[in-house]
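Shared between the two complexes below is chain A, which pairs with chain B and chain C, respectively.
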Partner chain A sequence: MLDTSIDRAARATPPAVARRIRGLSDRAIAWIFVAPSIFLLLAVNIFPLIWTIRLSFTNFRVNRPNAEVEFVGLKNYISVLTNGDIWLTMQATAHFLIATLVLQVLIGFSLAYLINKKFRGNDLWTTIIVLPMMLSPAVVGNFWTFLYQPQIGLFNYAVGFLTGTDPSSFSMIGDASLAPWAIVIVDTWMWTPFVMLICLAGLRSIPNSIYEAAECDRASKWRQFWTITIPMVLPFLMLAILFRGIENFKMFDLVVQLTGGGPGSITELTSINLKREAFEKWRTGYASAYAVILFVTVFGLASIYVKALNKVKQR
Partner chain B sequence: MTDFIKGLRNFRRGAWEMVASALIAAGVVMLMQPFALALFSWSFVVTLTGTVMFIIVSHFPE
Partner chain C sequence: MSYSVTDPSGRQKWIAATLVTLYAVITILPLLWIIGTSFKSPSDAIAYPPKTLFTPTLEGYVNLFTTRTRASEEELKTLGEPTTWYDRIVRRDGFIIAGPSRFPERFTNSIIIGFGSTVLCIVLGTAAAYAFSRFKVPLKDDLLFFILSTRMMPPVAVAIPIFLMFRQLGLNDTHAGMILLYTAVNLSLAVWLLKGFIDEIPIEYEEAALIDGYTRFQAFYKVVIPQAMTGIASTAIFCLIFAWNEYAFAVLLTSGTAQTAPPFIPTIIGVGGQDWPAVAAGATLFLVPVMIFTIVLRKHLLRGITFGAVRK
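Entry: the complex of A and B
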């Protein structure tokens, strides 16, 4: 008879412990295994969320822990939702979102379409293109700050070389009209490979037989592209747009590293504005209401994302 | 269109999820549009309604 590891573990278990485990139902044993994860989830995710919701109805300020905390009802929510500065911040976030999504989808899909064609060094190019996505946003922010330097920056030098302008005559980060584009360029550079990978998965899921049937029907390449490729990749593309949309709505680290929300508050996205309200102005209750509003928005978008994901899975 | 209305009347998940998704999307657009502060002010209520509705209707039968 084989002496399996299970038998050895059973023999090694002290009789008292073995008796106790044998007395437990399958359901109880399952709960013992799941309990640590549930406890961690409650402690790290659910408790702070409930606490934030509770704080959002108070005038609590974390820099005045001994001051009396008053229940203010919906006052914080009304203040946030009637604040013109926060509205402007939302618009800055919207500009950032739209510009990055349009660029990432166009470039990502084009790259995926090219990579999907068989050519020499295909795998090597895929690896090179995917590299930026693997870097930390803090690192990316730091080295793009150097690339954007008017005096020594490679980006300014390249633009100067291509357009004939003086590289030190413009500053991508310091100029109010260029700074929003500076963060859009970096985010596009970093996250286009992600969109490309999702599009590539979509393109590779299209069976060749469909194209062969279209060839038999003498459909042109252009027609095949619009009636086969685009409709079949669209669910994947929607998935990429939703995912990048949610991520860019929460964008913080890259922008903090690059512009810190400046010049002025031209690149101050919602997350940076929220951090300022919470940890520079110390309006904890107000910032909590702001955070809950952002949370509900992201949660809503995530619900649509999960629905879209399930649709893609069903295909 | 008829299927959609039928789905709403019979409390089917697909149709109601579409309504909830539309509400969420409308709320997000209202939050970020540059035209009217009033729309921005009401965006949270619309998004919250859509999100709560989505959670409820996702338990409806297919």
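Entry: the complex of A and C
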């Protein structure tokens, strides 16, 4: 170990002394460094949030700037919550969330487990598997509509080839029973690598010595998997679920390009529904109330989830 | 060579390699299909069964960069022989080139907004991250809350007030507006990632520099920045990829001058049905740079993805 005189001097000087010498300029620098970021975050993140809350109590419409803006109290909130369509939208979102999370966790964890076997070339394959999640969801979604074409699409052809059904007999995007799966498949294709990478980080954080000790105690592989691997990866897995859950709750770009919410409104997720209200019907006040309700829902669910996550971590 | 009892056996490795390879091949197939389709002629693109072997043509790319009008036989004859290779491709199908398309403009917008917001985000983010890492700053503990809260709101919901605010400030459909917006969206995550990287640099280095008579600011850019370069680079890649791929804000807040490529590419339609090779050509030009980036910089990227999440 090299122990230079600078290092020794640095360690001998308590940080507090160094800080006291230049105390004033430190504080100034801290403010200069942080202020622009805080300002931008307040202007673009916090201020709009407050504005949305204010708008949600009015009957303001962007396309009628000259109309008188009235304070309508909770009317917008009541009409959002009593609108049957919104509950259908919420249901579609919930189905989408559950299906994608289950698939991505199962496939993502399995892949991470396999890659962690450290076979030759695992680095290359990992990179290839990761590619879809780095791409633009809108462009990818648009292109998947081509792969999903009833006769000429690669997806339909592959399904037809493997199962023997006629590739022009079904339309992933056009059939009401298949459209929800169409978006689940593309989302899973795109985002499984994210879950995989986080699981891989979890698996790699488990020290080998634990398995060696278990091996000495003659624990079976099966038992090692359930009593060592799963509990140690669980906090990582839960984190991946949190991120994917939040992302998919606000899913917009991929599905807009893929199905546009159709057929009918079978795949109309909350973000798409909200966009219709806000930017097609221009019901700004109503849409703001809707946005606030969504925010409170995600925030509430996420807080409960984070509490559970912290409990798992502490164990 | 030493073996551990916990090393996977050769057979296990073989099974794992087969399964992972199979999944990787299935994953990459749609991407290869996009690239392949961009070199097909429109009739090859919609052939049944799907063609894997075809004569490559640049027709998709020509259609992507030009607008065309249909011309009759006589008109084509009066024009004489085509002078360029792209004229030849277009006239073979009975069209003449009317002018350039909007694609180059949209692509340039993507580059300007992507790089502009990345640079701004890194400059602001590195400074803020340094302060958060080394000083007692208010809001320090709320940083995570910022990240999560900005990510919980669907972009569509945030877009309503931003649309109004930008209209008030004259920022709607401008490069400056989109750069500021993407910077703000990326900033909290960038600060969080960068803070992690700067936390890893031993504080002793700077204290030694301070004792040697450097000012705080000199210590920051002569000692800390060079040490944090890897972290800054991988954070920059994240900001760039996000801005490059973003769709929701772009489609809601831009229409003409500042529109980026993601909202534009799906609107490419040919004469008589969607021109799939042209769409594929646009998608290829837009996606392939990111793929190359990912493959070349995989070490930093993979670390970055898990880092940001795992440190939470």
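We take it that the second predicted complex is superposed on the first by the 271 of 315 C-alpha atoms of A that agree within 3 Å, B and C clash if a C-alpha of one lies under 4 Å from a C-alpha of the other, contacts with A are read in each partner's own complex, and residues count from 1 in each chain.
The criterion applied here is as follows: a residue touches a chain if its C-beta (ideal position, glycine included) is under 8 Å from a C-beta of that chain, and two chains touch if they have at least 3 such contacts.
Computed from a predicted structure; not experimentally measured.
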| item | value |
| --- | --- |
| Touched partner set for A:Ser288, first chain B, second chain C, both or neither | second |
| Partner chain in contact with A:Gln91 - chain B first, chain C second, else both or neither | first |
| Partner chain(s) touched by A:Phe71 [first = chain B, second = chain C, both, neither] | neither |
| Touching partner for A:Lys307 - first (chain B), second (chain C), both, neither | first |
| Partner chain in contact with A:Thr82 - chain B first, chain C second, else both or neither | first |
| Touched partner set for A:Arg120, first chain B, second chain C, both or neither | second |
| Which of chain B and chain C A:Trp226 touches, first, second, both or neither | neither |
| First (chain B), second (chain C), both or neither touched by A:Phe299 | both |
| Comparing the two partners chain B and chain C, which touches a greater set of residues in chain A | C |
| Residues of chain A contacting chain B in one complex and chain C in the other | 299 |
| Residue ranges of chain B in contact with chain A within the complex | 17, 20-21, 24-25, 27-28, 31-34, 37, 40-44, 47-48, 50-51, 54-55, 58 |
| Touching residues (chain side chain C, partner chain A) in the complex | 4-6, 8, 12-14, 16-17, 19-21, 23-24, 27-31, 33-34, 37, 45-50, 124-125, 127-128, 130-132, 134-137, 139, 146, 148-165, 180-181, 183-185, 187-188, 191, 203-205, 207-208, 210-211, 215-217, 220, 241, 244-248, 251-252, 261-263, 265-266, 274, 276, 279-280, 282-283, 286-287, 290-291, 293-295, 298, 301-302, 305-306, 309-310, 312 |
| Residues of chain A defined as touching chain C within the complex | 6-7, 9-11, 13, 15, 18, 21-22, 25-27, 29-30, 32-34, 36-38, 40-41, 43-45, 47-49, 51-52, 55, 62, 107, 111, 114-115, 117-123, 125-132, 134-140, 142-144, 146-147, 149, 151-154, 157, 167, 189, 194, 197-198, 200-202, 208, 211-212, 215, 236, 239-240, 243, 246-247, 249-250, 252-253, 256-257, 270-271, 274-275, 278-279, 284, 287-288, 290-291, 294-295, 298-299, 302 |
| Residues on chain A engaged by chain B in the complex (per definition of touch) | 77, 81-82, 84, 87, 90-91, 93-94, 97, 293, 296-297, 299-301, 303-304, 307 |
